[in-house]
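Presented below are the structures under discussion, each in the form of structure tokens.
In the two complexes that follow, subunit A is the common piece, with subunit B as its partner first and subunit C second.
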Partner chain A sequence: MIISLYSDSYGQNDYFICPRASLSIAELRARMLDRAKVNSGSYASGLIDCLYADIFIHSLDLKKDYTDFFEKEYEKFGEYLRKRMRFPREVVQELQVAFDISSAIYRFRPRFSFLNDEYGLEFLTTLIEDEPQERE
Partner chain B sequence: MSESLLGILNDINTSLALLAQQIRAEALAGFGSGNKVAEHVLLPVLRCVYAAPGLINTNALAANFPGIDLYDPSSGLGVQITSDDTAGKITDTINTILSNSVPLQRLVVVIVRHDTPEFSGPTREKWARTAGGYFKFNPKADIFAFDRLLHRIQNLDSTDIYAIAAELGALVRGVHAFHLLPHLRRQVESQLAEERRIARYIPDVFVETQDTKYQGRCFAHPVLFIKRIADWFDREPLSGLNRIAAMSGVPPLSAPPIEKAANKLDEVIAVAESAILGLQRFETELFTYSEICRDEGAHIPRDSARAYVLEETHYYIEMGARSLKYKTNDRLTELRCVASKFFLLTGPAGQGKTNFLCDFAERFLLRHEIPSAYITARNLSRIPAPDLTEVLCRLIFPPAVLSLDEGLRALKAECEGRALPFVLVIDGLNEHPDIRTFAGQLEHMLEVLSKYPYVRVLMTCRSEFLEQRFGSLLSGPLAPYLHVSKAHGQRFDDAQFQELVARYFRFFKVRPSRVFSSVVSFLQRDVLMLRFFCEAYGARGRDGAYVQPYVAGIYRDEIFRSYIEDKLGRAQRALLFDRSATQPLARQTGLRRVLSLVAAHMLETGCFTDVPRDVVPAELDRELTALLDEELVLRHDLGPASSMLSEPSEVLNFTFDEMRDFLLAQHLLNVHSKDPGEFSRLLSAQQPGAAQTVEGIQRFLFYASRVPNNLVFFTEYRSHPWYGAVYDSEVFAIPPTHVNNDDEIIIENAMSLGGAGAISFVRKLAVRWKVSAFPILNLDFLIEVTHRLGGDFFGNVIVPAFGHSSYGDESLCRNFCSFVEAHVLKNLKPYGEHPYEPVFRLLFVLLPIHASPALESPAAGALRSLAAEFPRQLLRVLPRVINEVGPRHRLFLWHVLATSEFSALDLVDFKAYAQDDVDNEGVDVALRREAEWFIDRLSRNGV
Partner chain C sequence: MKIRSGFVTNSSSTSFLIISQDDFDESTFLDLMGVRLDSPIASLFKQLFADIIQSSRRYDLSRVNEDDIGEHLFDGDLTPAMIERLKRAAKQGGKAYLGHLSSDENLIQTFFCTEAFEVESEAIYFNCLSCVW
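What follows is the complex of A and B.
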């Protein structure tokens, strides 16, 4: 599941990447490279690799952050999102649902502008979303 | 010192002294069991002192064992323990032993008292002679009380000393049975409940200032949160910068590692201290990267073959390094919190420091089960003792704990076992009434506490007092252990402000349904007024019979009056509960007198700040302290020093400017009731230099004059120039019950003069559409005046009032029509009574405003929507409207009626009016045409 949030007045998107399957980091990387259909060692492969690292290594996993550090302080994940992260209510509701069904919730702020808006969401969905994999 | 031998010996001394005292008290009371207790208590001690592990109580050998209480069969040591310190007792003991042939090698007599009694030389010689051939007995060495016992204990191995201390602690004082953690938890909960009771803590209202709270987390739970700091570095924050650096032929950066495996407090502190040094070096390196193409960055090696890339990328490297430096700096601050022993939150009044502490204690310290205690500087001031550590011990530990050292040592194992510090919270350092003395005492106490590695202190202090009074904390020997965090104002979005108001309402039991939405909107922008408002109108703390009135405006006089009454009651209660009070209890009159003295000084001097504290005489000191206690009405500040060499003096100020103006007006009102001449003198003495304050006093005097109970004052004051000066702006700021028909006459006259004043009145009247809430000076009144004053008034006042707007804003007319669409249409019922009749009538008045050549306007649209959904309700008002409106409005009226979804039969009664316009040759052609069209519509429908 990918949830999109316009987080600032500059139109910058925040994405919440919520993988449902408990895949390892290496499996997630392999899945992204595979779905992007890039040749190993190519420039495109490097770009996808960067994107993978930006999401799954450099981004904060909100679910882990909550369970490791804030669970005692905030009774519910939604409370943590609302009070600590100051997310809007509608996003909090979606993420609360995602919390129960996802193995992690990465808060990803893209560095490339092409990843914003509908195109960006579609692009990320193609590479990351669980469901296409499940259909296969 | 906490775990030093000296501390342990002190501890043993305390236990022995307590034992001696208890047994002596029991002996005096005629109870003989004291000696038996002493036998049990001293047995393990004497086993160590005489290296006699076989020493046992003789009761275990035989009942009524002769002469001695303890006996070691293997060494032949016998001990008599007695509280009787006479020579006869010792003589009897020796004789009994001899007469019973007890197989003794050595006799020791322990006297249960603090100091060893002196016996004469001949007596000692006689005892030695008597015992001589049978057992060893050296009266000089073998008769002793607790003072000499302590000397012998001192000569033992430290392991034995610790063991004796533990035994004595357990047997004499029951320290083994202390349940400190549950006690401390109850202490924190009880203090939080008290803070909640006096509304210094409003749960859930605190909306987090992330920086401060996060720093607090790192400070209070370092073992957990250092892992989160390390997690941040694990997410490779340098990767982006290093990627560009690699492309540009510049060496990559690497952040210092932070050890995550540390699971003990001391290990974590060591890791943090090492990481701080590493990060400081790293920051220097980052700085050079942020200046890579300038002098500072010149020494960074670079690959000349990739210089062309660096030429293009240096800006990104510099920006990336700068951005990273900010983030690293945050981690550095967090690490400093991890390593600090003291955390001081400072900021100006009203930033929510207390609410933060309470929230932090409740939601973080208690939920993480961090051993903690919560006190305030005011608590500390209420127990008179020169040593703050003693006061602290009494405040946070159970009575069985005799010293702070003892309590803190008892916590050591708990803290180490859980890898948690003990966090002592001290709120409001500046609220201690004797700040000068307190500052020194506090420093000493912190020095003591700094010696316990697992103890941390979290404090708050208003920033104005920090440098002046607690400056030595910032620069003295404790400075390296101290982290200072500055509280910033809250930055909320609209939704959070709404949430804030809702939570305040819930806490203070304010019924939102009885508060106008305009009032709620105002309160969202003024949190301070929100607090006053809630205290004035909320049901919290009031009896069950209280019914909250409908609140249609921010009536400052009413709000502040209610607030002050409540605060004075609270201050009086504070005096009642002050157990240190030695004087008779203060009454509200004393509290009022303090306020009056401060106000009088301000009015006399024309200086409305920094009233010298000595204005309040010494006999009112307790009342002053009570008022200063919460700083909700009056606060003490540091005034300017008279010279560079002198210390700043303590001065008094009212906490909030509007509150000050209110209290000054109340003081003047009292002066007037006693001496109107003095009242006039004081008013005329006010200088224009203090214009803002004078304006404030004028406003509150106006409000006071309109209170029905102050009729005498009103009668005289209404002719004073100050009354008229604020009338136009303030008449709408008093409760509707304080307005009368004279006001309508004054305002109608003012409106008839036109101009900006009239436009302002119109706008204020227009929003008072709810006649039940505003029986006088309401929308009904505006509509009547509009019709009475005729066409010029409509053109010169109504049109600009409703039709003009500032750039970017909607006009009042459009806002009104939106209100009808969004609110009235949703709440109106098809039949029955409703409060919107004035709104309907106003819509007819507004028909020409923003109208197109086709006679379409926002009001026409709104009326058409009403006609479609609630025709009956609109028809009820039509007869009155038709009789009120002039030809200009009838033109639009016939157009709206002709184009609305009314049934023709419903409109038949108005046909005659339209026919009049058709028949009247003097009317405008357009009006006649619209009237004809309306009649034509009726005709086509068979009417």
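What follows is the complex of A and C.
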């Protein structure tokens, strides 16, 4: 599951990447590179590798952050999202659903400009989603 | 005193140099960058290729006097290493494309204005190192 949040005044999207399967980050990296259909060692391969690291290494895993550090302070995950992260109510509702069915919830703020808008969501879905949706 | 509220935006541009043995096409470019035709990222690089062709000036190096390179031709942004490459290519009669991308144009160019890279295959040399983002 990938949830998009059009967040700031610069028009920058946030994404919440919520893999369901308990894949290691090495397996997630292999999945992204495989689905990206880029040649090993190429510029494009390096680009996908950077994207993988941005999401699965450098982004905050909200689920882990909550269970490791804030579970005693906030009784429910939704409360942590509302009061600590200050997310809008509609996103909190979606993330609460994701909490029960996802192995992690990465809050990803893309630095690549082309990852905004519909193209960005479609691109990330193709590369990361457990069951990629068919392109129209 | 005037006080302005709001935010300031910066635009940026990056210069590039491409040297090829022959005129190069979209599929050769995708191959250089390591993108397969059925890749979900292919559309991004196809747009980049179109922007490169549109925003660059093409030189037939077989018609260029080697001694002019770096003096009357291609002066300005090029490093000594790039000039040396152009001189070598001129001996073999290759083609050169010199241009720049601008972050004001579209999201694809904005992205590549934040990148600095150099890629090379047997047929093409692509230098996009003059990024000052």
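Things to note:
The rule is short, and it goes like this: the second predicted complex is superposed on the first by the 132 of 136 C-alpha atoms of A that agree within 3 Å, B and C clash if a C-alpha of one lies under 4 Å from a C-alpha of the other, contacts with A are read in each partner's own complex, and residues count from 1 in each chain.
Following the convention adopted for this analysis, contacts are C-beta pairs under 8 Å (C-beta built on N, C-alpha and C of every residue); 3 or more make two chains touch, one makes a residue touch a chain.
No experiment lies behind these values; they were computed from the predicted model shown.
Using the contact criterion defined above for the overlaid structures, shared-chain residue A:I101 touches neither subunit B nor subunit C, since it reaches no partner. Shared-chain residue A:D68: touches subunit B; no touch with subunit C. Of the two partner chains placed around the shared chain by superposition, subunit C is the only one that A:F112 touches, whereas subunit B remains out of contact.
By the touch criterion defined above, A:I57 lies against subunit B but remains apart from subunit C after alignment on the C-alpha atoms of chain A. Between subunit B and subunit C, more residues of subunit A are touched by C.
Legend: residue contacts after superposition of the two complexes on their common chain; A:I25 is shown touching neither subunit B nor subunit C. Across the two superposed structures, the residue set of subunit A contacted by subunit B and also by subunit C is 111.
On the side of subunit C, the complex with subunit A involves touching residues 7, 32-36, 38-41, 44-45, 107-108, 110-111, 114, 117, 119. Those residues of subunit A that touch subunit B in the complex are listed here as 50, 53, 57-60, 65, 68-69, 72-73, 83-84, 86, 88-89, 111.
Note for the complex: subunit B touches subunit A at residues 207-208, 210, 224-225, 227-228, 231, 235-237, 239-240, 243, 363-364, 367-368, 495-496. In the complex of the two chains, the subunit A residues touching subunit C come out as 9-10, 35-45, 47-48, 111-114, 116, 123, 126-127.
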